[in-house]
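Look at the two complexes coming up: chain A is in both, with chain B in one and chain C in the other.
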Partner chain A sequence: MPSAGLLLQALASGVFLGALYGLIGLGVGLGWGLLRQINLSHFAWVFLSAYITYELKTRLGVDPLISLLFLVPLFGLLGMAVQALLARFAITPFNSLLVTFGITVSVEALLQWIWSADFRRMASFYDEHKFRLGSVVVTYSEALTMGMALLAVGLAWWMLHRTDMGKSVRASAEDPAIATAFGIHAKRLAIWVAGFCAALAACAGVCVALTFTLAPSQIFAWVGVVFAVVMVGRLGSALTPLIGGLVIGISESMTMALIAPTWAPLVAFTVLILILLLRRGDE
Partner chain B sequence: MQKRPFLKALGSSLLLSSTPTWLHAQNKPIRVGSTLSLTGPLAGTAVMHKISGEIFIEQLNKRGGLLGRQVEWVVKDDQSKPDLARTLYEQLISGDQVDLLMGPYATANSLAAMGVAQRNGKVLITNSFGIPSLAKYDMHFPAYVMGIDPGTTVPNTLLDSIAASGAKPQSVAMVTSKFPSVVFLSVGAREVFKKRGLREALWLEWEFGNREFGPIASRLKEANADMVWIGSIGAESMQLLEAMNKIDYKPKIHFHVYPTPGPLTKSPLAANALTLTTFEQHAPFTNNPAYAEAIKMYNERAAKANLPDTVFELQAANAFTGWQFLEAGVKGSGSLEDSKIAAWLKKNHVDTIIGKVRLDGPNNYGDDLNRIKQLQGGKWLVIHPKEVAFPGSKMMF
Partner chain C sequence: MNKIWQSSGLFAVVMVLLAAPYMGLPVHWQSFLYVVFFWVTLATSWNMLSGYSGYFSFGHGAFFGVGMYGMATLATKAEWPVVPAALGSGLLAAVLALAVGAVVFNARKIRGESFALITMAVGFVLATVIVNTPIDGGPGVYLMSVSLPQWGPKPASTFYYASLLLTILCVAVAWWLFHARAGLGLLAIHDDEDVAQVNGVPTFWLKMGAFALSSFFAGVMGAIHALYVSYVTVGETFNITVPLTVVLMSVLGGSRHWAGPMLGGILITFLLNAFTAGESALVGKVIIGLVLAGAVLVMPRGILGTLQLRQHKRLMQKNQDAEFLHASVESVPLQDLERPLARPADSMDRQKVLQVRGLSKQFAGIRALHQVDLDLYQGEILGLLGPNGSGKSTFINVVTGHYKPTEGTVLLQGQSCAGWPAHRIRRQGLSRTYQIPRPFHGLTVLQNVILAAHYGGTRLSDAQAKQEALEWMRFTGLHDKSDHFPDELNLHQRKFLELARALAARPQVLLLDEVLSGLTPSEISAAVQTIRRIRDRGTSIVFVEHVMSAVLALSDRLVVLNQGEVIAEGSPEDVMSREEVVRAYLGDEAAV
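Coming up: the complex of A and B.
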């Protein structure tokens, strides 16, 4: 029988991994639900942000949290520019998948050209220091990831539910024609939403750099599980990606601790299938 | 008066056009075709093979090439995909019409290339084929010189090196990636450890590409074995070491199968890590001055390519050895005919950067030249066997 210490530590690992899934999934889910775009380039922005964080820290000694001050506006503008381009050519949801896949492949090549395909690991204060919650060890980087995920979810929820702009975005996603009739400028709002999603990718990138070993090809390793997180939650929702992330993160981690690590990748998709089946039953 | 230059030119052109085709062919460079994983998950290591190969070709051409002809390397990107490697090798033979082949990087791609080489009767030299029992093609020659049964010889070498240090581990915890050549070695080691009386405290497998190592580290800590076997490839070793460090667990003896050396070299967490090698950039491996320039060039180019570890070691040495096989085979047989090159390689020993190599055993494998190295003070030092160990080195705990 595994000890209580092992189970608690595995649970904690799942919670923190799930928070990161949720943070990445939030950006993907908002774009998908509110803009009707399956934005694969979100994963590319996450890793581009992670590599820039790594570079700033290793070359210039910039603290990853300080680099957020620069990365969030930069990626916000980048997301807005890409959205403006997609809108200019009236890209359909399916074509957005192809276009953003192309962007992702290009970014992967760019990362490989600049940083080579070899693995990179950023040493930081946040990963080297840890604290204990009972018998559970938590690194500062994990706590930071959790904090950032909660902050991002809270901010997204507040914006969508408590601001006029957020209400307009939801209305536009619900029925674009009626929203336009009420004077809502859907294209302009879409640019702001895309900017917000890309800014979230920048935050997630910092968390990835803090916790994981980087390699350009890793971009695609996150796609499957994050899509599962997004689908477990609900598209366009601020809260459910984090819940989906936690469900999948904890399930994966407990499977590793109790059964075998080799079963863990199946868990995300088994959970997804079960939830989709149960939801179908609800309808 | 004006007729003479015209007649001269006419004469020259007639002479040229009547030159036999074999003479033209002799002036053309010999083209060697291969693929490498220049992109994709294996690119981090394959780039070392590319740099090493380019240096070898440059030096070979400086000393006159092969059979009096310069050598040109046609290298294509297989994107770390075996199916693409297969297609590209077909293309190299039928489209590019290369004279000779050189193998790709990693076991799966090598196996894909082997099928094409066999169908076309071409010699295939691979420099990183990890499952010797699968190399059935009689004109395949392995430059990763690991013997026919590394699943037995490698764990025995490891246990011998530990025994030589005076340590007597009673139990082993084994965790391994399911990457084919890695799990193959781990399964072999499992049997050897049982036979040599070690108690198996844990056996776990994970899928290649796994991101989360926290629970695996927790289970290793709970198993609390005297020795940990980490069947890793690429960045997996570093990821597991970080996860173990997080929960304040550091095994006394930890062996890693195929880690990417760069990140480990730079991390204090990897101190005293053990792994395999056939060559390290220190004495006595570097005693032969003939290789000094190649090693220096590699260090410079690896730095220029922004590799985290610029040292000439296992990967670069295996790639270099592969090219040495090809040079020896062509020069020894005096021919570009694949069957003659293969026959020569089977009958003769080849002097290489990793030592004298024989290719006359089952599946053209000879001895296992794997040695055990350990990360000590930020440097990889060979510690076993004694005759090739870094002078004065011993296993650290």
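Coming up: the complex of A and C.
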């Protein structure tokens, strides 16, 4: 049995891992619930953003937070452009998954072409410096990730629940035909939502670059866990992905501490299976 | 003629493929074709459940992985010869599929995305277990020491032949399933699972069977592949790209066709090979990803689906032109329909065919039906009336097995069938129609009715089922709409398709849920005639309707429901003049 201090540290790293899961899950869940798209390319954008952050830092010494400032609008535009293209076709959720799978394969090959298949690790101030929170050691990267996740969730919640545009988006997700009859321009809204999701991917990418080792093939390693996070919560919700992320992040890191790191995926996916089986249907 | 060309062409291709290694097919070509066969088998096997029934699985990699590790364990630790080990691995995968299916298919709401995610999660759980137990333990398993038989002229030919034989078998099974009664049932599940069950399709067992078959082939392919790569690791086996590639191949080729996955598999493997050979491999991969994304966008039904749709439209156009030329189509004689519709009742006419006692249905606090008693006599038309929300539809849904009753008994020809699944009640001789027609959109009108005939209770051959279906289409006047899809019919015709489907099961009892609503006066009088003709053949009818003139013209007896309870029962004249009935319909003031 590990000591209490170690367990506390494991708990903390679970919380920070969960925050990143939540940040990625937020973008995936919003697109899934509001646009009925299972967007695999979200993971591609996360890694593209991470690699750009890495390149700017290692080549030119640009601070990741500076990169973030222009990556967010850039990816927002990218997301809007892709949505504008997709909106021209009638597309089922499953086909959206296949289309974005195609895009993701392309991006993976692109990343591998530019940066090779080798593992890359960005060295930065944020990852090397730590502070203490009681007995728990926290890196600045982790704190930044947490902060960004909270900010993103708060912003998404505020937009969905406190602005007219957000209310229109939710109405449109619930019943597109009726929403259109009330004068809601669903296609234009969808473009904004997609842009917001892609901007979230840019944020998540910076966080991934700050704490994780990068390789193009890693894109797909995140898919399963993030899907689990999204499903633990509710599709299209602003708050629940973070909660789902925390549940899964903490249970994973506790499994790592108490049993063995290699058993960690079992927890996430068992949680997913149980939730899907036991959840009451919407009907 | 077309069919003969197709099958002889296919036969020739198979012969050439079988002979090729002996005719000097280079080894690197044999290896390439192995990869083609590999993907064709995986995609075709995936399609048996997922393409036909619409239950998209993201867990095909799991069953493939069970096959790989099955071989890795059976051939090294247990030292089985490779052929039994491969079959054993396939069986292992099938058993796992049955276990997963037993849980997942019993949970009613696990469809669509939930099913995809659960099957994906099963793969990851399996990977974690394997990597942490002696099955693998982490470093992977080597299969170099396994002794292989030599099939064909060269050592490498063994894999060529093994995968070719498996592919032929797999595609043949997919072909058979697609054309069999079971395949029609699976396609119906794809379109509307509840209606499929109401039409007599045993949905649970069909899905279980298809899942097991599908996983068996994936498992055997995995077992062969384990030997081919001779080194098995969890990371390479259980990832998300294998199942996604398989789904992509099937959808691109056309997942509602037996040959779609084969076409998609061949195309994508050739594309990958053509573009990713040589130095510009990565550029090629970028292009392929985009091409595939574009193809799914432009052809959401896949290549074969798009071709079929185009062919169908051309056929419809041609028919229209022909109809225009021969404007007077003679009406089809109905003499051949004079034999009794229902199986003959064994005793006198006043026998009760349906006897409902104390039937109640509770929905989370709402009392939809309360202590309903109802009898239906042989050869009777019983009008079931009641204002909106009085429980008529719930009554139909409970009696037909869509909902389980909270309490009460239902005797159908003396057989107690309360709480039975819908398909068994249908086979016991009770059919229904839907107020808003719910045809299977992906099946033609004829196929819709054939399905109902096939699953109606008596086992029919394909030819008999078709004969039966055509008869009922003639009865309902749909005989010249055989090749249409239901969406091409008008409301009147779709209501009659509901009727034809219900009748094709040769029911003792027919529940009609507002067949007349939304029809024009002339259509109503035609429909009333049809209903009389149905009764004249011996089927007893419960008739839910709001069109009063039709109710009074047709009904021998009326039962009135209000707030889930029977408030009146008797002859039409008697019931309609009763105070409580008037009050239920028109309010208290009117009754005074």
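Definition applied: the second predicted complex is superposed on the first by the 278 of 283 C-alpha atoms of A that agree within 3 Å, B and C clash if a C-alpha of one lies under 4 Å from a C-alpha of the other, contacts with A are read in each partner's own complex, and residues count from 1 in each chain.
Convention: a residue touches a chain if its C-beta (ideal position, glycine included) is under 8 Å from a C-beta of that chain, and two chains touch if they have at least 3 such contacts.
Remember, predicted model here, so these are calculated numbers, not experimental data.
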* To do: Quick one: on chain A, after the overlay, do chain B and chain C clash, or do they fit? Just give me the call.
  => clash
* Asked: Counting only touches as set out at the top, which of chain B and chain C does A:Phe75 meet: first, second, both, neither?
  -> neither
* Name the contact category of A:Tyr21: first (chain B only), second (chain C only), both, or neither. => neither
* Asked: In the superposed arrangement, which partner chain does A:Val137 touch: chain B (first), chain C (second), both, or neither?
  -> first
* To do: Classify the contacts of A:Gln112 with the two partner chains as first (chain B alone), second (chain C alone), both, or neither.
  => both
* Who does A:Ala260 touch here: chain B (first), chain C (second), both, or neither? -> both
* Asked: Touching A:Leu272, do we find chain B (first), chain C (second), both, or neither?
  -> second
* Does the superposition put A:Ala215 against chain B (first), chain C (second), both, or neither? -> first
* Asked: In the superposed arrangement, does A:Thr104 touch chain B (first), chain C (second), both or neither?
  -> second
* Structure fact -> So the chain A residues that chain B and chain C both touch are 108-109, 112, 260, 262, 264-265
* Which residues of chain C touch chain A in the complex? -> 56, 103-104, 107-110, 112-114, 116-118, 120-122, 124-125, 127-129, 131-132, 138, 239-241, 244, 247-248, 251, 282-283, 285-294, 296-298, 300
* Can you name the residues of chain A that touch chain C in the complex? -> 38, 86, 89-95, 97-110, 112-113, 220, 223-224, 227-228, 231, 260, 262-266, 268-270, 272-273, 276-277, 279, 281-283
* Within the complex, which stretch of chain B touches chain A? -> 39-41, 43-47, 80, 175, 178, 204-207, 209-212, 214-216, 218-219, 221-222, 234-235, 238-239, 242, 246-248, 260, 262-263, 266-267, 305-308
* Partner chain B, residues of chain A touching it in the complex -> 2-3, 5-6, 9-10, 12-13, 17, 108-109, 112, 115-121, 123, 127, 130, 137, 139, 212-213, 215, 217, 221-222, 252-254, 256-257, 260-262, 264-265
